[in-house]
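Across the two complexes that follow, chain A remains constant while its partner is chain B and subsequently chain C.
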Partner chain A sequence: VPPEVVRGKRAALFFAAVAILLGLPLWWKTTETYRAPLPYSQISGLNALQLRLMVPVTVVFTRESVPLDDQEKLPFTVVQEREIPLKYKMKIKCLFQKAYRRALEHEEAALSLGSMQEAETMLAKSQKQAEGSLTVYVISEHSSLLPQDMMSYIGPERTAVVRGIMHREALNIVGHQVIQVAQAMSLTEDVLAAALSDHLPEDKWSSDKRRPLKSSLGYEITFSLLNPDPKSHDVHWDIEGAVQRYVQPFLSALSAVGNFSVDSQILYYAVLGVNPRFDPASSSYYLAAHSLPHVINPVESRLGSSAASLYPVLNFLLYVPELAHSPLYIQDKDGAPVATNAFHSPRWGGIMIYNVDPTVYNASELPVRVEVEMVRVMEVFLAQLRLLFGIAQPQMPPKCLFSGPKSEGLTTWELDQLLWARSVENLATATTTLTSLAQLLGKISNIVIKDDVASEVYSAVAAVQKAAEELASGHLASAFIASQEAVTSSERAFFDPSLLHLLYFPDDQKFAIYIPLFLPMAVPILLSLVKIFLETRKSWKKPEKID
Partner chain B sequence: MVAACLPRERLRPLAGWLLLLSVGSVAAGRIEDQTEQFFRSGHTNNWAVLVCTSRFWFNYRHVANTLSVYRSVKRLGIPDSHIVLMLADDMACNPRNPKPATVFSHKNMELNVYGDDVEVDYRSYEVTVENFLRVLTGRIPSSTPRSKRLLSDDRSNILIYMTGHGGNGFLKFQDSEEITNIELADAFEQMWQKRRYNELLFIIDTCQGASMYERFYSPNIMALASSQVGEDSLSHQPDPAIGVHLMDRYTFYVLEFLEEINPASQTNMNDLVCPRSLCVSTPGHRTDLFQRDPKNVLITDFFGSVRKVEITTDTISLQPDLEITESSYKKDRMDEELMEPLKYAEQLPVAQIIHQKPKLKDWHPPGGFILGLWALIIMVFFKTYGIKHMKFIF
Partner chain C sequence: MAAACLRLVWLAPLLLGLVDGGRAEPPRDALREELVITPLPSGDVAATFQFRTRWDSDLQREEVSHYRLFPKALGQLISKYSLRELHLSFTQGFWRTRYWGPPFLQAPSGAELWVWFQDTVTDVDKSWKELSNVLSGIFCASLNFIDSTNTVTPTASFKPLGLANGTDHYFLRYAVLPREVVCTENLTPWKKLLPCSSKAGLSVLLKADRLFHTSYHSQAVHIRPVCRNARCTSISWELRQTLSVVYDAFVTGQGKKDWSLFRMFSRTLTEPCPLASESRVYVDVTSYNQDNETLEVHPTPTTTYQDVTLGTQKTYAVYDLLDTAVINNSRNLNLQFKWKSPPENGYVHYQPAQDRLQPHLLEMLIQLPANSATKVSIQFERALLKWTEYTPDPNHGFYVSPSVLSALVPSMVAAKPVDWEESPLFKSLYPVSDSSSYFVRLYTEPLLVNLPTPDFSMPYNVICLTCTVVAVCYGSFYNLLTRTFHIEEPSTGGLAKWLANLIRRARGVPPL
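Let's look at the complex of A and B:
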């Protein structure tokens, strides 16, 4: 065999060896999409997370509330569990941790005062309660603090009063009542269902009227005055004063939920998109209930809400109808005029129609000066704001006296309810985002995960776990902050612009790039390998033939 | 003629039948109500993404297509803040447009679809495949303004309309790049995973448009295309004054159809079928990924905008601060009387600009580049011709 042929064979074999053993792995490694390691197992574990919401309740017994032998057993702690029946894959359990204890001296003194207001003021001075916790005072059966037929009382701060009983099973009965009161003040099925309304399967038979605002880091509230007829009405409103007096206290009570910014504007010649009809019976104009959905769209483009900020915007409009269409009333489905003359749209805002007092026209010529009564307007707007946030009318247990909200319009435990709902919603959103990201990475192989995105995912997973732990131990404030962090990190990771790096580079286009490079190189190597193999096989066979 | 009085034995079963009928009708009414709710879409807001992908004057019809869909969608109620309009070229202010600031859809110039309040979000060279995919998936750099984002949520119905030049499996963007059906399907899957839509209607008006929806695999998508694979979509008619074809046949039919719809109409998607005499190509559709039956889907579910409203029945009670109200009222009145009339601020010193004299530029010595260039020229000259010529220069 001539040496060149042997050298040729060896060269071909070396080429093939380098191409296959060195080149192929190198090409594979350098062209794979970069994916920083992610905690996939932890993310799939988040789906099966069991959320336990703990409400710490302190039950304080005064001297004559329960029989003596029951009083001997104090202090002790009892935990009662309830599963919330939601059709959601994340199971939610509600735990009420009742810590029973005897009343201290100043508490006894406070509860023996004449009226509930005085008792509450004295009690409020002593301690500041953490978010999410409640204190229930058990007073004696014959105490005059509560009216005779009422069994319990719920106050505007995180306190409640329940009537005790002198009975063998006193502790059980009182415990049951305490749970009822605590449930009304903290976690009900409705609150959680409204919070998770986006994640629950759509129940086609229920009306989706209650759709509270999605949880966000901040909100922008805009008050607009619409004056379609400046020739007749010269409208003035003291919006700054009203915001300072009525809206700011409400928003500062809600400040734990997010940052709020308020602005206002006046729009002239802005008309509603619907023509009101004339009702000869009351000689007034009306807007029927079915035409209300068409009112908002034409006016929305003039509100300028898209330029405001990246936070969700809530618009509150005050419309002063034209002279030709005054007075204007809103009719509900049955044809009766609505008392508030206002309507709202979930996740958008509210509109109120302000009719000018007809006596103003008698005195002066047009345009008449109209001074808007801000109190009446703000009562409606704040009620709408409550509804838009999902703070519903509380469901009281039977025979319970409710003191009504404080001057700001929000009780402290309603804020707690909002925080519970938001924490659960944030956790659900963060879990869904992380799970979707993991699923997407499995389905589409072209997505790049850089290191900073990976670190966001890790911090999101850690924040979800921390929030779940804090909820299980009853620390509502830190749980809410952790849940907000979880949502922010997971959204930042999912919506990072770098994930789209290689998306428009599908596989069949890759062949078009590789074939001109690899085929001219691969064909001679493969053919020479085939030739070598055939020759070697022939040379093995040859000795047999000679033999 | 009714008998004067019925015998008593007959009255009782008659009463029973009447009672049963009334109960039955009430129950039927409630069941009807409930089935109606069952078939209604569960969306609370509407978005539209309208894309025109071709540039150059002879592609006038694609811009007119997109603008007519934009016009219909705005007329039926979707506000500008919920529409992302991407136009790859400007036809209204094109130097070749004999009627500037207009874009017509019909040859007798009946309908100017450009109008007075067009808000184009992505214009000219900003319409790229990358920007389009970023809008759909939401992976936008944080400096993007709000009007350029698709801020939909899981209860949004989105209408996506694309037009331009396309082929089997791709759509051409700006004459330089293309988007394939696989990328589009992946983008929709990313939208679905993050629940960025409730239902999606995808309409495409290009040649071989049906190939673009072949690869979709996410649920709740309905797709309409103007032509099948292997067929071309044809344009409607040229206009002799403007000199180009004004619209495509399929979108022309859709525009005519939508002009008859108002926000309260009950027409459904099955009525949107382009007859062969008008659209010479065969329009295609894909509804297997869609959960509801197309005949229960209203046109206004996608082209219009619905708002759920609720009457406000409760108010909270506030205590008015009477003294402060009085004093602030007086203060406002006084402030208003004292204020001067408002006027615009001086923004540019116009008089100075008009009467400016041209400024004399100071003389600077020649820079290093010029010196180096001349040194090179002189060196080459002397190298070639010899040093003896130097005495003639200096």
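Let's look at the complex of A and C:
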């Protein structure tokens, strides 16, 4: 082989080597999109997360509640586990950790008092209970604390009372009753199903459940008085007083769930979008149940967006119908007038129609002064507020006495229920967000993943895991806070604007720029490589032929 | 949206025990509305609407906010961003002072926003940025394009118009977006802020398709604190919504100068807004001797109002809508205005621009001699921008914000001192210190500058050309290095040789 040809071959090989070893990495490095590493395996692990919700229940036995030999065995702890069947990828298990113990001196004294109220106030003084935990007192079979036909009692705080029994299987029977009471006061399938309603498939089970408000860090509550006819009605409402008296106590009881801000406005010439039907028999106007959905949209454009915050808004509208359309009533599906003259729309708010007393028209000339009866309005709005937050009517076990909430309108264990539900919902939301973010990033390789996005993802994953651990160990308050953190960081990562920076840099434009340079450079290198390869193969085969 | 009927729940017995509170207090807020119709010297007609909501409440103190006439959206802004004053205007067209006389309230073309923050605000720039974003959402405008490149902090002009106990200019921000196009979508949210919406009172005249068929359209929102009483012991908040339009009476009236409310707005006033405590229409009927035309107003006004406005004695026919009158027709009149500037001490403040950070600011306090023309000119260089900084239509040019002229003009007639709170709204916008002069703020037209515009396909052309040159050089270089060259003996045969031999034979030369 002549030396000239060898030199040419070497030169071609050198070119190819420079292009591959130097050119390719350089090109790769300069055009690469920065993608910080993400915990993909942990995120896919979150999908198979097993949520174990532990409810610590303290069961306190008074002296004559169960037979003596059963009392000898105290104290001990039983854990009862129950799987909650939901069509959801996350398995949810409920653990009731029952710690049995004997009553202390002051507890004995309190439970031997005459009435339940006295006993409760005395017991409440002595101890502070953690969020999510329950205490069940077992009193003697013949105690006069409960009415004779009642077997158990559920109080407004985190306490309940169960009647004991003198029986060989006393502990088992009492234990069964305690579970019934504890379930009513903490976790039921309904509560969790409502919390996960967004994530469950649309089937019969979830569709007739009212969807509660989505979990958020805060909520804005707006009361609006709609006066479509200011020429005839001069409407006044004492909203400051009503908010202070009725709404604030309820909201301060709920303050663990989020921040609340309350405001109100009066809107004039704001009309409902539906013309009511006239009923000659009662000479009044009716809004039929099927037309109620059309009422909201035209009104909503006047309500105004909330400029000051990003929290979801709950609207409560008080509508004073115009003189030409009053009195106005809402009909339910069967055609009967609704007693409260109000309706609510899940996740949006409620509307109440307030008819002006017709006798005032005779007394004075238009416009008549109308003072709104705030008690009547606020009891409807507060009931709607409970429904919107998904605080259902409690389901009582049989033969159970329920004391009802204190003046703020919310029992402590209802708040705990809400916290359980919200924690589970937050975890589900955070998991979904993280999973879809991971899927999206895996699918589209153009997306830049910055370090701060990655750190948000990491902290979201850590917060999910922490919340799950706290739930399993029965620390409801810290679990709720961790779940909120998880949602916040996962959403922040998902909606980070830096993800979109290079997304719209299409491939055809990239190639239009690369081809004029890369094609003329790559073709000679490839051709000479092919040529060298062919020649080498020929020269290898030749000696074989000679053999 | 699914709706569900609701039956009363067990909360009833619980609340009934509590006693309902006392009767509501007397209304702490008041609405005054006003329309001034001014026949302009050029024959056009200007209509200026003002809606003023006064609220006797300290917005920044109260925790729970309850709104009646004051719009909730703006009230929340005041308390959230700790605003002291907010002035926002959207303007289409330019007020031609030479032909139309001095305006009650002029605004630059496009959008103008200037805000005084409370001195409790720590990060003014952040609040300013957030505020402009929120306002852009409320008014459907592109105020979100306000950033540090078009924001200035004037030091001499734009003093607070309302109650102020300190004028540290650090808390002032001013920005103009000359490119902003004002349209119906900006008017609708503006109308929604009115208590009577556009259902009753003067606001029924605000019909978008007529308001935008005008030579000049300017809508504005002014929020400022004012004194609640004469001794100024506490403050109230004032929201003024103003809208000025100039109708080209010749064009719309087919050459006649007659005009009517119906012809201008395609609506008439039918009923007063029941919420307004004052609802008036003023028609400028000042008569001038040098013109022979006289103005007839129909129906005959019940009262007239005479006062010195913008330095001139003016007579207005007043129609109080809360009485009975409904306006049908009236006629037009030529007016002439003369304009002089006040003597003041000189002051020059110049803040040079930083590229891509802040614009130039030149403020001059000058005393103009009588009957003179003053020219302020600035030399500038045209520069190339970064290629991503060009707008989608770069050949349209780039706007330079209009300059502002704030002047204290000596009045030709001495005005009698009047109670500020009682006088009509068009008189009380700018605080007047003494009656011998009046305050005017004028804006020049925005300047449209053509910058050198590159050919935008150039980068790709350059890339292609460079790549081709590189590829050609590379190709020959590559060939030179990898190919082996050796001299080859010319082979026998071939078409060329045959042809050559043919020619040689014809010439009689021996063949190759």
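In the analysis below, the second predicted complex is superposed on the first by the 498 of 547 C-alpha atoms of A that agree within 3 Å, B and C clash if a C-alpha of one lies under 4 Å from a C-alpha of the other, contacts with A are read in each partner's own complex, and residues count from 1 in each chain.
The definition used in the following text is that a contact is a pair of C-beta atoms (placed from the backbone, for glycine too) under 8 Å apart; a residue touches a chain by one contact, two chains touch by 3 or more.
Just so you know, these numbers come straight off a predicted model, no measurement behind them.
Visitor: After the superposition on A, what does A:T433 contact: first (chain B), second (chain C), both or neither?
Guide: Touch partner of A:T433: chain B, not chain C.
Visitor: Looking at the overlay, does A:A289 come into contact with chain B only (first), chain C only (second), both, or neither?
Guide: Both partners, chain B and chain C.
Visitor: Who does A:L499 touch here: chain B (first), chain C (second), both, or neither?
Guide: A:L499 sits against chain B, while chain C stays out of touch.
Visitor: Let me test your reading of the model: by the given contact rule, A:D332 touches which partner, first (chain B), second (chain C), both or neither?
Guide: In the superposition, A:D332 contacts both chain B and chain C.
Visitor: Quick check on the superposed pair: does A:T340 touch chain B, chain C, both, or neither? Answer first, second, both or neither.
Guide: both
Visitor: Scan A:K214 for contacts with chain B and chain C and give back first, second, both or neither.
Guide: first
Visitor: Which of the two partners, first being chain B and second being chain C, lies in contact with A:E379: first, second, both, or neither?
Guide: In the superposition, A:E379 contacts both chain B and chain C.
Visitor: Would you check which partner chain A:A12 touches, where first means chain B only, second means chain C only, and both and neither mean what they say?
Guide: second
Visitor: Check the residue A:R245 against both partner chains and state whether it touches chain B (first), chain C (second), both, or neither.
Guide: A:R245: touches chain B and chain C.
Visitor: Between chain B and chain C, which residues of chain A are contacted by each of them?
Guide: 236, 238, 241, 245-246, 289, 292-293, 296-297, 301, 305-307, 330, 332, 338-340, 342-346, 348, 350, 371, 374-375, 378-380, 382-384, 386-387, 393, 405, 407, 409
Visitor: Mind listing the chain C positions that touch chain A in their complex?
Guide: Interface residues on chain C, with respect to chain A: 1-12, 14-16, 18, 20-24, 64-69, 71-74, 76-77, 79-80, 134, 137-138, 192, 195-197, 199-200, 271, 274-275, 460, 463-464, 467-468, 470-472, 474-475, 478-479, 481-486.
Visitor: Going by the contact rule set out above, which residues of chain A touch chain B in the complex?
Guide: Chain A reaches chain B through residues 198, 202, 204-205, 207-209, 211, 214, 236, 238, 241, 245-246, 289, 292-294, 296-297, 300-301, 305-307, 310, 330, 332, 338-340, 342-348, 350, 352, 371, 374-375, 378-380, 382-384, 386-387, 393, 405, 407, 409, 432-433, 436-437, 439-440, 443-444, 446, 494-497, 499-500, 503-504, 506, 508-509.
Visitor: Show which residues of chain B lie in contact with chain A when the two form their complex.
Guide: Touch list, chain B to chain A: 34, 37-38, 42, 44-45, 77-81, 117, 129-130, 133-134, 137-141, 146-147, 153-155, 179-180, 182-183, 186-187, 189-190, 193-195, 263-264, 305-321, 324-325, 328-329, 332.
Visitor: Spell out the part of chain A that touches chain C in their complex, as residue ranges.
Guide: Listed in rising order, the residues of chain A that touch chain C are 2, 4-5, 7-9, 11-12, 15, 210, 222, 230-231, 236-246, 261-266, 268-270, 289, 292-293, 295-297, 301-302, 304-309, 330, 332-333, 338-340, 342-346, 348, 350, 367, 371, 373-375, 378-380, 382-384, 386-387, 393, 404-405, 407, 409, 512-513, 516-517, 519-521, 524-525, 528.
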